[in-house]
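These notes are about the structure you will find just below.
So that you can tell them apart, the chains are marked A, B, C, D, E, F and G in the order they are listed, and the count of residues begins at 1 in each.
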């Protein structure tokens, strides 16, 4: 299973990059989101896969008696997800704003700040 | 001594505050500084004569061996006297020359800053502090050349000068640091005591080359000479002070300073002789093709600098004595000539030597000064120029197998300089006064006294060399040669080859002066050769450089985000792939891999398809919803692999993101296919490459032995110490609570950002 | 040394940002509060610096969870210095913003974001935890996004698109790197990682991870070939924003590279030589760009790149002496670049344009101001003995020691290009007669401001210029400081022992 | 949206969902949930309400401008961090009341922290969503 | 009225729990039943007595709805296997008797849960409801079926 | 015994879900799909949740299961209503086998007011024959 | 066959097939409403999957996630409806 998950991680990265290379702003954001998802899964995988044993200590016990999933990567991914949400929502609004002001979605038309040599 | 050096800076610093007052009332007050400094150094002459050197230390950056230490020996004394003495004259001269100029105070500020820096250069006993002052001279020179800053050509000249000398300085810095690295000290005094250390070092050729670049640029040696004629845009006092008497000689000073440390090797001698010879002949020739007085003087100055480098290159005691004499002689007559040119310019508003004539009738004292200076320049007996020329010829004649050639070159140069000097000092005053100059008035005494004073000194020292022989010249030679061989200066050495050569020089020079008239035509003819002049070659190189810079900048900063991304990720791929295939041991341990269940396969398929769908879909809403499915499948993974908290969070956030997208999107323009098929194919290949790389890396990291003691600690103590059962939450609010706190800040900032982005629009609205 | 108070700089900025959020549209109140908090933060940073300088590394384990379990905060000399410098800059920018930011922008949360941004930077300087570093990075970038787009002008938005996307890419790479680090060592505490990473057999993987970090931090610090976002965006926001960006943001990347490559990864030969090459090409790219442009913001932006190249090159040499140079330059550069963008702001305010072709006449019309501006400009060029000069000696010496002559050549080239660019700029802006100025601009021109408002513009420049002068003229103090920092960086055992509270890791 | 059914339903859904969000918040320390998810839940509740009734009415219900929830939440969170410093413990050290409270369980600084997070998340999410819906 | 009784009923149940001192759900339900019985015995007011008939009616109604839902699902299963030709969908205008928002909403929900119907919308004057019917044979019989089966029962319970 | 009950309940639940999915794929227009989703899914979910309740036989689980079921019932029906309504607004094509369409023309396109009396606005979805 | 195995081998595959069928609808569309209802359905199915998983792994806490899913599914449906209406209105 890990292999499949790794393939998916690779695919998410590949897809993210591919979208990042498109000319549409919208696709660029999709690309960034895909990349973010890929990175999150990657970190999650680093905690190894454990089925059906969430890191929750059962009632009445004080420590784990069975195996449990590594909680740390989960916490990290959670933080990363929330941060990603903040960044993504900002980016999404940004493209809306850009469209409103510049009336284009085409990144190639957004290079005036690079050009005036 | 430190006060002496730094007083100029303090003075300059005070000017913004007091200058406005001073420039209106008594500008002469500014001259007090150089005069008092001159007197200070004059009073120290006996010290030098008796004790050879006077060193004073002030610790500045001890941790790197950098001190503000000053060394007053013969060499620095000579230069200090020149700097302050001519400085005093120039300061005085300026008081009238720029009378009423609105920025007179600034001018004095720069001038005194320059003077201080120059004193710093010649007095420094520490290489780094020497370099610091060296660069400061370049900067103050920049401001002085560009003093008429509203004139475009002035600005350009200032840039050229700064560019060349600044570059040279930087190169020289490497040499200095290298010396420090090899010898472990930056102290010149210490270096003087262990010269062999450097000469035997493998880096020696490089070091002297680096130092040569510094000194040649500063002293306007071929092929770096062209900034100097351009620098004549500066007001005449500046040209006088910086570009004839002092700053340009800093390079020569440096060579003289390093002679005992680095000199006396074949490389040193050959390079200096070659460059010096080329410069002196080349520049002297050029001088004959100019009609602008300042231009003539500039080229003759370059030529004189060439002679000095040449003499230092010879390196014999005689040659160094000659150099010393010539430094002094040149300073006296060239400064005078410049000042005279300034007077002519100031009074007649012309510097065209082919037009000027008969001015003696309106400004006799100036004519006298010019006459003396021209004679000294020509090397007529009884003037100091004669003395220096004699020693020069002696020096070349003694120089082994090359003696004949070198002497010939020197004689030739001297002949040309004879003419140049006469043009500048005599020609404007000789002949009949043209009509247009009839009404030229006599200049103020403040203008003509300084050049006359210089002329007087030329005459005085030339007639009675005994005045300076032991008091000044001997210590100078001592400090360069390092041992005490008494020198002997005299007007008369008997009839010998040297005298013959002197005579030949004078006669041929005079004939040439009579025969050759300065003319515009000649000057224009030389322009044909400009294409291959060093100036044009260097500016051509500069253009090539700019062209390359432009291409480079446009190539990388091309405005296309996707190119940026590709560049970055190509770099990343290169970096990681290089290490990956160079040093990573790639393997798969199947024991670490768990089996696959049908439900997992379904989610995997779901995920893969929706990734593709999000990518290839032509409708935006569809890609968004597909993205939602990707997130949803992600949730299922989290769920399967025991991360309920993650599943919940991911799911809610994904939904919110999709929602945001929907709310934002429907006003976007229609989705178009923008890139070509080939482009998409290329991107697809690149992306897959990148994805594969990440996947391989992930696999390899995954294969490393697992087990985190940190995680284990959290799991063991979540309930016992932190009183929570949901370990993930305990990590979030307790073990790693800081992360969470900061992360909330991220959310807040994002919210503020979204708010302002939506609500605040500072674009000028279309209505107005 | 345990001291729970070392998080105070962060807490102060946190409180500043939070409390300012309550004063949403009360801009005058915001100005006063922001300046008060900045003064407070500056005092605390000075206190922290003195404490660390006198008593050595200070550590606190947040939540009282021992390292490597909790998140450690470490104030070593480097961190404390960076905190101090950022507080100084923050103080100056706070005042400058009070004078220069448009009211509308202040009404939409400029000041809170400014304080959060500085909090993010200081958190990054103080944290001893790699994931926590990531979180601070995110605070910094999201704040910078907001500040960059605040007002939503055309150019701002265009620049922001590139800025945002490339920075997000960098964050993702950083995150992946952290994932690998965790996968390899099972730890997030940098000191702990430093120990555990030595036990890993598959060395190549560590180098790959280091490569990821290099690219992630490289993007942030705008080095070749990853700098593209900077010239596209840095000149677009208001000057107060540009100045904090120009001064501090890229330096965070440099800080992170310095920290991670000395503490965690050590100097792998390939990567270190890559750093050298990157540095050289960065100098080239920055210098070229600065040479080619005529918009002040762009010129300064490219100069940032050029000078980051210097610092990278110092890292590429990777000897203690070279690091001394880099640290010294880092300190100098933060102050001087901040000042530079403020100056460009003043020039804009006076003339209504930042195009050096249009600018002119400053020297004639504002002689004292010109003189003042000359200080940072020439400090930047590294006219000795001003602050930009000293580091070069160290780099040259280090280059000679390691026989990296090509790198020395690039340092000289970069210095020369800077000199040329600034001289050109000086000629155009200050010397050239100005025509048709001021250009049409929004709001009041500089001359129309009240004296008090003028001082809000000028005081920060004076303040930072004095600091620049101090760095240059009292270079001895800064060199001693840099030597201490470089020594600590090259031998992190003290850091590790203090964080993990173990006796000695030395064999 | 002018849907009667939706409007009526969301009137009843709002308190229900808010209750659920508090439930999720409080149990976070023991079971999956916590400040984040709880906060998101609550914002979703308000969002649904705003879809049904329009922003104006929802804002009236919230009473406080969600923008101010953010600093309040931040203060709570950082407050639970600073509190231990006052008794000379490291930042964010957990402080706990001796006895567990009925229904809520052990009450400690972690809980205040989580509530802070909860408020911030509500504030931020609503600020984001509201400012978009308002300008759309 | 019924509200008050419900409240008293709950209150009594709580008192019961407190009195017996065991806080378990079984005990609470038992207390509720006991107090229901007591209240039934002591209430004489005719209006108020409705409460006691309503509860069984409510229970019956819920069971009825459950049955409808199950029926709907089985039908859906059957229909999912139908071919297109056997479908005869329609959008029907249904005149409402219910008037308050809550009544209408509840009715709409109930209708939506029943076989093959989907409430599309309610007219702004709250007079008619537009229902999408999966399988319409006769419009009038459909309307009266909904009227009798759902609306009447519901209104009875509500009013 | 408990196991068998769970098995039966969950099997039925799963089958209901499956049948809905099949229907979703096969129904010719969006209104039919929406209509069909609501029901089968609710019962499917309900049965599966109930089987979970039986499985855990715990009071707190049971209450939560009931709450979830009620919630699903409520949201699915309301959601279906809103989606269908929105689809109608946006003139999503309706299957041409539809016998009667009394909603046609009843919405005001600008104000979105829905009339009870006969009205004749432009909101009349096209009829489509091609089920996709 | 144990209950666990039964779930793994019978129930989950059935639900899995449902997911795929719905997903096909999702891909086919053709209207946005179709996709939304498909997504809705996917979430509903995942609630079922969660219920089954909670039994497979004997963790009742998963059921809360199911509740959350239902709530969120509702939000996205309303949001889409809102979006569709707004789009029409512009």
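Simple rule for what comes next: a contact is a pair of C-beta atoms (placed from the backbone, for glycine too) under 8 Å apart; a residue touches a chain by one contact, two chains touch by 3 or more.
Going by UniProt, the chains are A = Na+/H+ antiporter subunit C; B = Monovalent cation/H+ antiporter subunit A; C = Proton-conducting transporter membrane subunit; D = Na+/H+ antiporter subunit B; E = Na+/H+ antiporter subunit E; F, G = Cation:proton antiporter.
As the structure is a prediction and not an experimental result, all values here were calculated from the model.
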Chain located farthest away, centre of chain C as origin (C-alpha): E
Most central chain, judged by mean C-alpha position against the global CA mean: C
Per Cα centroids, the chain farthest from chain F (Cation:proton antiporter): B
Higher-contact pair (C-beta pairs counted), A-C versus B-D: B-D
Rounded Å distance, chain C centre to chain D (Na+/H+ antiporter subunit B) centre (Cα mean): 36
Centroid distance [mean C-alpha coordinates] between chain F (Cation:proton antiporter) and chain B, Å: 79
Interchain centroid distance [CA atoms averaged], chain A (Na+/H+ antiporter subunit C)/chain G (Cation:proton antiporter), Å: 22
Approximate Å spacing (C-alpha centroids) for the pair chain A (Na+/H+ antiporter subunit C), chain F (Cation:proton antiporter): 32
Residues of chain B whose C-beta touches two or more other chains: 550, 553, 557, 559, 561, 565, 597, 640, 644-645, 648-649, 652-653, 655-656, 659-660, 663-664, 667, 694, 698, 701-702, 706, 708, 710-711, 714, 725-726, 728, 732, 734, 736-740, 743, 745-755, 757-759, 761, 763
Of all residues in chain D (Na+/H+ antiporter subunit B), the ones touching two or more other chains: 1-3, 5-6, 9, 30-33, 36-37, 41, 44, 47, 67, 70-71, 74, 78, 81, 91-92, 94, 124, 128, 132, 136
Per-residue overlap in chain C, given as positions that touch at least 2 other chains: 14, 17, 21, 62-63, 131, 135, 138, 142, 145-146, 149, 152-154, 161-162, 165, 169, 176, 179-180, 182-183, 188, 231-232, 292
Which pairs of chains touch, using the document's own definition: A-B, A-C, A-D, A-G, B-C, B-D, B-G, C-D, D-E, D-F, D-G, E-F, F-G
Residue ranges of chain C touching chain D (Na+/H+ antiporter subunit B) (in the complex, touch as defined): 2, 4-5, 7, 11, 14-15, 17-19, 21-22, 24, 60-64, 73
Chain B to chain G (Cation:proton antiporter) touching residues, read off their complex: 597-599, 602, 605-606, 609-610, 613, 621-622, 625, 628-629, 632, 635-636, 639-640, 644, 647-648, 651-652, 655, 658-659, 662-663, 666-667
Of chain B, residues touching chain D (Na+/H+ antiporter subunit B) in the complex: 644-645, 648-649, 652-653, 655-656, 659-660, 663-664, 667, 722-726, 728-730, 732-734, 737-738, 740-741, 744-745, 747-748, 750-752, 754-755, 758-759
Residue ranges of chain G (Cation:proton antiporter) in contact with chain B within the complex: 8, 12-13, 15-16, 19-20, 23, 26-27, 29, 32, 35-36, 39, 42-43, 46, 49-50, 53, 61-62, 64-65, 68-69, 72, 75-76, 79-80, 83, 86-87, 90
Complex contacts: residues of chain D (Na+/H+ antiporter subunit B) adjacent to chain A (Na+/H+ antiporter subunit C): 30-32, 36, 124, 128, 132
